[in-house]
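Heads up, the next two complexes both have chain A, just with different partners, chain B and then chain C.
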Partner chain A sequence: MKGAYLMSRIEIKGLTKIYGDTVALDNVDLSLEGETIYGLLGRNGAGKTTLLNLLTGKTHPTTGRVTIDGEPVWENDSALGNVFYMTEPNLYPQSLRVRDVLKWTAEFYPDFDVNYADELAQRFGLNTKKKVKELSTGYASIFKAILALASGAKILLFDEPILGMDANHRELLYKEILAHYSEKPKTIVLSTHLIDEIADLLEEVIIIKKGQVILKQTVEDLLASAHTVSGEASKVDSYIQGRKCIAWEQLHNFKSAVIFGSDQDRTLAKSLDLEVHQPELQKLFIGLTNS
Partner chain B sequence: MILDFDSEQPIYIQLAEAIEDDILKGIMEEDSQIPSTTDMSVALKINPATARKGVNLLVDEGILYKKRGVGMFVTVGARRKVMLKRKARFYESFVVTLLDEAEKLDISHQELVEMIERGLPDE
Partner chain C sequence: MHRIHSVAKYQIADNRNGVLVYYAVLIGLALIMVATPNWNSTGTTSLSGVSSMIFIFVLGLNCFRSSFLFCQANNISRRSFYFATILSLLVLAVILSLCDLVLDAVLGRYPFYEGFFEQIYPASGFAKILWTTALFTFSASLGWMITMIYYRANPWVKVLVSISPIVVITLAGYLHQRTDGVFGYALFVLLGKALGFSAQGPNPYPAMATFVLASMAIWAVNYLLMRKTPVRPY
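The block that comes next holds the complex of A and B.
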């Protein structure tokens, strides 16, 4: 199924961004192969937005380069016409009505689907007669997400897409993203620090910490590579000796620890009378990005 | 179809088991079409690749089959197949766990047998 048409492959090489004396992004190499839902995960200030801004030519890198299908993105409308970037701040003219922004966006994106945008607006209960500045935080997020989904772009980048949205709207958005992706496979990047709800939507995760990409892996492989052991503290302690432990919690004499290890390790832990469980993505993320 | 996202099983295996449960309960009937992986993905809010992987597991076991251009169907004889598979696992999944818990609670063999008999419907 993959590779049916233009892949929209993103290549990032040696990308660094320095603001004053802050290294926001530190020599990042990354390639996104396309037709995948990626999670770009990192704590606040880890460099997620900087990376997305560089990907879309919104800011200049200090060094390094970004190409989409081999074309550099900086000041290149044909490369960027394939990309829709849903930014966290609302950058649309505040005094315009929502429906006018929809029309206006259609001018920039030749494959923009006005009917689909209207359908989505109806499903989410977004009043398109309202002015942009009249939208609540939740509806501003919905409005931007609708623009992204309807844009027809082959690469959709969402920066904190669910900001201010209530549980019903979040669930609806997840479903719309999946339905849209199934119908028109493309590259979708969901950048967020709220992992719990989106974990199962993702095929691959990119974890960014202090400006560096520390991990890029399929969710399935990542989860399979880790396990949680718990039981009597002394037993857990002797098991984790010499193993890669990324997090632990202790309550009195009971200890639980998150370990990177193989299937053999799991079997061994079970034979040592320890409880073995599968940690959630969020737990692994916290362990990998702490400190 | 319900998935338990707190379970330690990978999602695609849970999906395969949920489909098997529906086959056992007759919610999905033999030789009838089941929802597409896209529909499952959207309804359960899981990645389509995960949904495909779960479904393919059952295709490989001959429990589901694909009709080109139409969709996914339950194989005739699938219910029996699932039943045999689950029965083979019954001892490991249920009896061993039951005995472990009974041992922790100092439940005697006699008590255990009595409890099981109490739970059985009158014949």
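The block that comes next holds the complex of A and C.
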């Protein structure tokens, strides 16, 4: 059972956003429970950032509504104050020093933990005396991620949080998000293209395709519902006949395919002398968004 | 309310250095004037008033984009940002009018100096603070409105707004000519009344009312511009 530390439920009803001739988001219904780490996945232009912008009132929906714990978010400070949204573009005053941004963020978020922010800055090697405009792309991401983690908000939304970060910093950030979540469970939404790297962090995935939510499922269930078979191409071909194959790769006579199927299917595949294993989340994502 | 207060606090702090530099320059100029023998022996000089009005207009021009984006980064509603901006501009107008009052009071001891307000109106003291505060509020609000129009507008509207003063002046000149000076005279009388100039002598109170009403009209326009303002990053 989820604890009662920072429960926050986001409810999205009939959300549509149209820019000119482009339907960025098409009648989306979604509900995000508290104390869960979600992965918001989708190809470029699928509508991920639009959805996050609508969740935080950055942009006005064409139709539909978003509520947090029953309160509409549009122009509502009490609902918006529960959320920290780490945007991909840098919205911070360019001439302000990092330490001043930390100070002012503490003014806007009463639960902001300045000591924790300082500690994270040290751990990531972020020089807080630098001006925002002097930060490299990677350090600008680190700076925004630190603000998010220290904000004390009940809901943290990360849009491309690891942009420009090197592998060491990415690893450190994933560990920090997990440690932070373990200590203070909350609703976290991670939107990124590096699916394999965050796969272990996620509890649920939301996949958006062409402005529509095509899947919302726990990672455990999603991975359990599919399997990868590999072996001789003719055997794989005969096995996938009549089954829901979402992706396949072939090299000479060796073929592997990702299939949605039951435990019985796995057993059958094994009996056909095919190798059966759990697919990677990224493979499933590619299959689902390509089909 | 907490967030309005916090944003206003940030905006005032953001302008603090600018205000300090501005008054440091004015004090420097005042020292030069005082130290120069026979400074302007034929007339009077004023350091405050017009220069402060222009300065706060520039503050108004700079009060929007960076601050708005910072507020969006902190999930502050547009409504809170709007009220905070009014609050911060009002506070800055009061600060500037008080600083001008002190500057005028100190320099007023010298024969070459007469404050801007004193050059126009016979009243002083409280009326001066109210008048300058109302004028500065109007000036700052005008700057804020212009910057918001430019932020919201597409390139065509930007061009239209940029050339609009030339169009208005040309049109006024044309109407003045076509009406044998009646239009210009009517405009002159209207402006005179709005600024409190009458046969009984100049009165600052109608001007205060004009500035307050004009500021409120600008705030109404800014509210409409603010409602669904998009976030346009740097």
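One rule holds in what follows: the second predicted complex is superposed on the first by the 286 of 291 C-alpha atoms of A that agree within 3 Å, B and C clash if a C-alpha of one lies under 4 Å from a C-alpha of the other, contacts with A are read in each partner's own complex, and residues count from 1 in each chain.
Operating definition for what follows: a residue touches a chain if its C-beta (ideal position, glycine included) is under 8 Å from a C-beta of that chain, and two chains touch if they have at least 3 such contacts.
Bear in mind the structure is a predicted one, so any value in this text is a computation, not a measurement.
The superposed arrangement places chain B and chain C next to each other on chain A without a clash. Of the two partner chains placed around the shared chain by superposition, chain B is the only one that A:A179 touches, whereas chain C remains out of contact.
Within the superposed three-chain arrangement, the count of touched residues of chain A is higher for C, of the candidates chain B and chain C. Of the two partner chains, neither chain B nor chain C is touched by A:Y239. Legend: residue contacts after superposition of the two complexes on their common chain; A:F124 is shown touching neither chain B nor chain C.
Residue contacts after overlaying the shared chain place A:W248 against neither chain B nor chain C.
Judged by the touch definition given at the top, the superposed model places A:H60 against chain C, while chain B stays out of reach. Judged by the touch definition given at the top, the superposed model places A:Q278 against chain B, while chain C stays out of reach. With chain A as vertex, the superposed Cα centres of chain B and chain C define an angle of 150 degrees, given in steps of 10.
Once the two complexes are laid over each other on the shared chain, residue contacts for A:D77 go to chain C alone; chain B is not touched. Of the two partner chains placed around the shared chain by superposition, neither chain B nor chain C is touched by A:F158. Using the contact criterion defined above for the overlaid structures, shared-chain residue A:F143 touches neither chain B nor chain C, since it reaches no partner.
Aligning both complexes on chain A leaves chain B and chain C separated at their closest CA atoms by 27 Å. Comparing which residues of chain A touch chain B with which touch chain C, the overlap is empty. Note for the complex: chain A touches chain B at residues 37, 171, 174-175, 178-179, 181-183, 200-203, 219-220, 223-224, 276-278.
Those residues of chain C lying in contact with chain A across their complex are 2-3, 6-7, 9-10, 14, 66-67, 69-70, 72-80, 228, 230-231, 233-234. Every residue of chain B that touches chain A in the complex is listed here, in rising order: 5, 7-12, 37-38, 41-50. Those residues of chain A that touch chain C in the complex are listed here as 53, 56-60, 75-77, 80-81, 83-85, 87, 89-94, 104-105, 107-110.
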